[in-house]
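I'd like to ask some things about the structure below.
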Amino acid sequence: MFSLDLLLDAVVIGVLLGCFYGAVSLGLSVSFGLLDVPHVAHPAFLVLASYAVYFLNENYGVDPLVAGLVITPIFFLLGLTAYRLYYETFEKRGSDAAVRGIAFFFGVAFIIEVLIILQFGVDQRSVSASYIGKAWRLGDIRIPYRLLVAFAVATVLTMLLTLYLSRTFMGRAIRAVAQDQEALRLMGANPIKVKQWAFGIATAVLGISGALLIIVSPVDPTLDRAYIGRTFCVVVMAGLGSLGGTLVAAIILGVAESIVLTLFGASWAPAISFAMLLAILAVRPQGLFGRRS
Amino acid sequence: APIKIGMSMPQTGGLAGGGKASLLGIEIWRDDVNAKGGLLGGRKVELVVYDDKSSASETPAIYSKLIDIDKVDLLFAPYATVPTAPIMPMVKQRGLLLIGNFSFQVNSKVGHDMWFNNAPWGPADSWATSYLDIGQKAGGKSMALLSADQEFAQNLAKTAREVATKRNLPIVFDQAYPPNTVEFSSIIRALKATKPDIVYVASYPPDSTGILRAVNEIGIGDSVKVFGGGMVGLQFGAVMENMGSLLNGVVNYNTWLPEKSMYFEGTREFFDKYTKRAVEAKIDPLGYYLAPFGYASGQLTEQAISAVGSLDQKALAKYLRENTHKTIVGPIAFSADGERKETAVLQAQFRGVVDKNIEQFRSSGKQVILFPDHLKSGELVAPFEAART
Amino acid sequence: MALSLAINDLDAGYGAVKALRGVSLHVDAGETVALLGTNGNGKSTLMKCIAGLVRPQRGVISLTIDGATHDLSRLSTEEIVDLGVAMVPEGRRLFPRLTVLENLMLGAFRKAARRNIDRNLAVAFETFPVLKERQAQLAGTMSGGQQQMLAIARALMSSPRLLLVDEPSVGLSPLLVSQTITKIGELNQHLGLTVLMAEQNFNQAIRIAGRGYIIVHGEIVVSAGSVDELRGNDIVKRLYLSGAA
Amino acid sequence: MKRNGVAFWIGAIIFLAAVLVMTQVVDNQYPFFAGYVILQSIALAVAWSILGGYAGYVNFGTSAFYGVGVYASVFMVTAFGAPLPVQILTGAAIGALMGLALGLLTLRMQGIFFSIATIALTIVIETTVTNWRYVGGAAGIQIQRPAVTPPFDSYVQMLFFVQAVLVVLAVAISRYIQNSWIGRGLQALRDDELAAECTGVPTLRLKLLACVISGSLMCAVGAPAAMYLQYADPGSAFNLNYSVTTLAMSLIGGTAHWAGPIIGAILLGTTQQVLTVTISSEVNLLVLGLMLVLFVVGAPEGIVGLIKKLRANRKEGKI
Amino acid sequence: MSLSETQAPLLRICALTKRFGGFTALHSVSVDIRPGERFGLIGPNGSGKTTLINCISGAFRTEPGTIMFRDEDITPLQPHLRTRRGIARSFQIPRPFRSMTVAENLMVALDFAAHEHVSVAQRRDTMMSILDQMGLGSKANVSATQLSQVELRKMELARAMATHPKLLISDEAMAGLSSSEVDEVLDLLLNLASRDITIIMIEHIMQAVMRFSERVMCLDAGRIIAIGAPSEVMADKRVQEAYLGT
């Protein structure tokens, strides 16, 4: 079964697939990686964004990517509100926030799932666009345009976010806020506002990620559950808070998965990629690009 | 007192789409019966339905509740194999009649003689047989098998392997892909590299879409005569609408299609009612796949109760086993294991489908029936690539 | 360029714990004032009140800048920092997983400081050369004393006009203690920085402080108008000048 | 302390006796079916919180342990026709080994890294079972129950009793740990592992101990499920729901005290059972979601914490 | 003095090196600590004092180099085993058990590191007497999160003492204390030392170092630049330049 051709193909597809995983994990890399919010509802928001894109595409024929951009501000606001709610009802009271936060966000995820079901039903949905279902020929290789879109979106988003976080004052504050809120106050930044802003950004990114999700494959209301493991693993494997690392980790995961799918028993793919994650964590417990103190 | 029929039905989780459509079919039957004045001289039919969340672990408690607390008069099984399997031993032990709902070979080990499956499956291997027949007739000399690593698809794959071995049909590719696979490009590429003639795909709804897309993007090669067979999901309205022209050429199993040969007494009326109610309930607007069989479950019960004149489970079972029953999906007769005597699974080829139009599927000719012979509505177009345009 | 701080009858605490009772003090423009008191007596609490990190239960903290008076007890920390107040908190409070340079840049978060980043950075590096060498090291992996230097440098990055320093000498080597104190003194002289400093190292503190307060059990018990007055005080003698003086 | 201990064991014996009597006098099967599921939740939550509560290592892999328990039984039945106690013991033994492996993970990973590693572990194990044809693989497997052992007259009644025994076992162990030096050591390492080490706490050994006990209990709890369902498929056995609800139950009850997970599990488990046969639609999930959010928000230290606070308030009020 | 010189060392550090990435924090450090000795460790900030302590207590793995404690090679031992062998340390940046009260913090030490088996009541007594000595008696039932910085540092020392150490390493426990308080803590340490407990003290407060130490070692950039009697070390030119600044 082995051939160089197939291997090359698997690697190319894997890289692109990885970019897709990276794109859907980026928001989490901010909300969880930087803000320490155990946002297990991230994939639920992602699927919600997909449905929003679906709604615009189905009813108004808006191109899914454009739709993704259109809902970005809405998701930004949604993020602001969601964080406010989380803060007011929850974070403000302190007390081992991480674990309880997980339960809290599972609750939120379930609620979102149900709302989607009530609005859209349980059937799977997908969108149509000129670039879905077609492929780009590159010699012997054919690359689906869908994945190229994912590639472009992921790289651009990662670059923009990385720049934002390292070059701007707000960005640096976002990276600091989870480490010592009181100290950040002393720098003249309001940690709550910083977090809220960051959460808004993380959620806004989901608008576009959601568009990608439904461009790459159809969605159904409970799809979020499949993405909890994937997105969290990518973020953790990268090392919390490293956006570039997120993309690299995602690509490693994508390539591993793709190679196993192509060349070995496809049914072993998840075992292999997650075993690899375990191996990486065992060697570098702080993740590939993690900072440790 | 009303006649209570109890069941669990997946209304959340992976099987919810099918479960809801199936349930609507059953509810339409209930309303029809009750409108006619009920059964056994005026007793209305009442359904007791619980959500099993598409999981096997919920159903034992639910059926115990139905039997021991709700004291229902009759039991229907939930949609699909996984939630049904755990209750088989229980109903057998208690000697209760159970009308199955699209599960696959759940009774083969248990051997309960009061089990009757509403699905058109028939003998376990008939499904693979009919598809491979079509493929081989079109000149297929080798087979590739792509299956989901999930319960139902694996059962299909197993029979396909057996049939292929029996016929000395070489299997050049045999892979099971894991649930929640996102991207099928790599797999399709690998499959294509083996240059198979017949591609048998046993897949689940989200994956079916992914596989077809990948086939369209990557190409599958000119060697392929037929493609499809066991793709679950391509029967669902939402999926079909979205896949649009990508469906063309695929030969896939089905249970009911709007071809002339498929209309029986009451079929048309049923779909009129279904269409109206499905839209309100936000479930599959077409509902060909499961809903009429849910209705048929009701019809089976109805006829048995009327003939026996009581709710005696043994007598009902005996009646069901020994007679042929008229339903909106055609006549049904059971063999000893509670499955259909003969398979009524259709193999049909998508033709001339255009994008973004769900209404097109209501007219005949979009899915040409190739099997079984007595329902046939057209001929196969092969090879696959030729059939796609 | 006038800035002064006046605190009047301040009560503060944590829940049931009362840490400050009726504290009054003032710091005038360009002054360096020392706040003395053994541990647990409320020095840090007072600092935190001024910086808005602890809400006083009673009393006024008024900061007068160029004629305009602000009641700090009503403002949030961010607003107070924006007025030009910077604090070197006790226990350093760095961002351990950011690099030294990133920590310094965060010091310049407030809008008024962003213009002066280059200048301030130069000052910081000149004062603590090790910070320049270790720009890219994670703050959390610096040695205790290095972290203390970073904390001071970070506060200076905000171009403050009032500097609150909570025990700057803790953990610094003798050489660095005197260098740091000297530096604060210089800043006070050259930039007209007003300084309120809690410090246990009495001999160092009075090198730059003009006068001081002693706080015991949350109350100001001594308000000394000059360094000599401080030196001559009984409490000071007992607490700070015993044995090794 | 001593008196408490006596009271606890008297309570436990009364509980088991009541369960036994119930199996003898109650004829209706449904209470046993539903009760079994609730007892299973209690045992899982208690077992989980030994590691997740006391030691602060949040294990997302409850479903992995549960599923392995189920499949340990499936294997023992398919291969040797082993009786129920052997199935459970095998489950416990394998669970202990898995716990050991998990414990070794804690050697390198802490906090959220550990939690994510448990997710990865779950996926690896589930995939392995899915590919293991002997126990049915992805297609699932149907299992035959043997005859029931007297004094029980139905198998589910017997399973109900067995699960009650497991609950008592789990609670007794958890309670012992909390009140002993193990509990204090775990608490110390939860706060600061290095400081704990330097204070003489053998952190690795304690963590391994907690992992092994927790893991072996969770697997043991899963083991009888094979006989309960008489069917096993990887999707159901490794359902993410076990991980989520176990975590939720412990948190809703409160992790600081051994009684917390019990209260949480009874509350949430019962609610879920009731919802399944009442509302029974997607609204069911909505209620679960709302419950999670409201409890986490309204009782940040769990119900146990809430009770403690109320008590403290009352005391203060009186004095 | 002559006696202790002939005695076998309590702690022997042999050619210890510690690197962080490319940076070498300790260059082949060797030193012997004698039983019952009062040993002062000084050095500029970042010279490697805490790193050395971390290597001795086992918080860091050392690459080359061995550490012998009472003639036993403890290099491969985990920290808790070293603690049980009798090495206790305080942390420069306090690391309390936050979910516990001050008393419970000490109880952990008594539960796990105390060598002989004693009753709960006895342990309580020991704990209270240590807390009283440290001036933390009134805070026994206060949560560790409610202490001021200096109180936290005192608790660090108290917790270390509660492990019944043979070798106590105090990492800047006096930082931030007024000189009268420094004297109190010094008396406490001297008292411990008189009970045959060997003490390594890291301090930047010279008066304390001078008063306390029998021997002083000065590190600079990971190397020993001076070791000997306090007055000798203080008089050393390199020490003055690098550390004292006089």
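Chains here go by letter, A, B, C, D and E, matching the order in which they are written, and residues are numbered from 1 within each.
Here is the rule we go by: a residue touches a chain if its C-beta (ideal position, glycine included) is under 8 Å from a C-beta of that chain, and two chains touch if they have at least 3 such contacts.
The shown structure was predicted, so the numbers you read here are calculated from the model rather than taken from an experiment.
Shared contact partners of subunit A and subunit E comprise C, D. Between subunit C and subunit D, the least number of touch steps comes to 2. Most remote from subunit A, judged by the distance between CA-atom centroids, is E.
Chain A has the Cα centre that lies closest to the mean of all protein Cα atoms in view. For chain pairs A-C and B-D, the one joined by more C-beta pairs in contact is B-D. Computed centre separation for the pair subunit B/subunit E is 75 angstrom, with centres defined by C-alpha atoms.
Separating the CA-averaged centres of subunit A and subunit B is a span of 35 Å. Centres computed as Cα averages put subunit D at a distance of 43 Å from subunit E. Each of residues 117, 265, 267-270 in subunit A touches at least two other chains. Residue positions 11-12, 14, 16, 149, 176, 178-179 of subunit B each touch two or more of the other chains.
The set of touching chain pairs reads A-B, A-C, A-D, B-D, C-E, D-E, using the touch definition from the header. For subunit A in complex with subunit D, the touching residues are 32, 38, 89-90, 93, 95-96, 98-104, 106-111, 113-114, 117-118, 225, 228-229, 232-233, 236, 240, 265, 267-271, 274-275, 277-278, 281-282, 285-287.
Subunit C makes touch with subunit E in their complex at residues 14, 17, 36, 38-40, 44, 90-92, 130, 141-146, 148-149, 167, 170-179, 200, 202, 238-245. Per the touch definition, subunit E reaches subunit C in the complex via residues 20, 42-47, 49-51, 92-93, 146, 148-151, 172, 175-181, 183, 204, 206-207, 211, 242-246. Within the complex formed with subunit D, the residues of subunit B that make contact are 11-12, 14, 16, 49-53, 55-58, 60-62, 64-65, 67-69, 81-82, 85-86, 88-90, 106, 109-110, 148-151, 153-155, 158, 176, 178-179.
Partner subunit D is touched in their complex by these residues of subunit E: 57-59, 78-81, 83-84, 88-89, 91, 95-100, 104, 107-109, 111-113, 159-160, 163.
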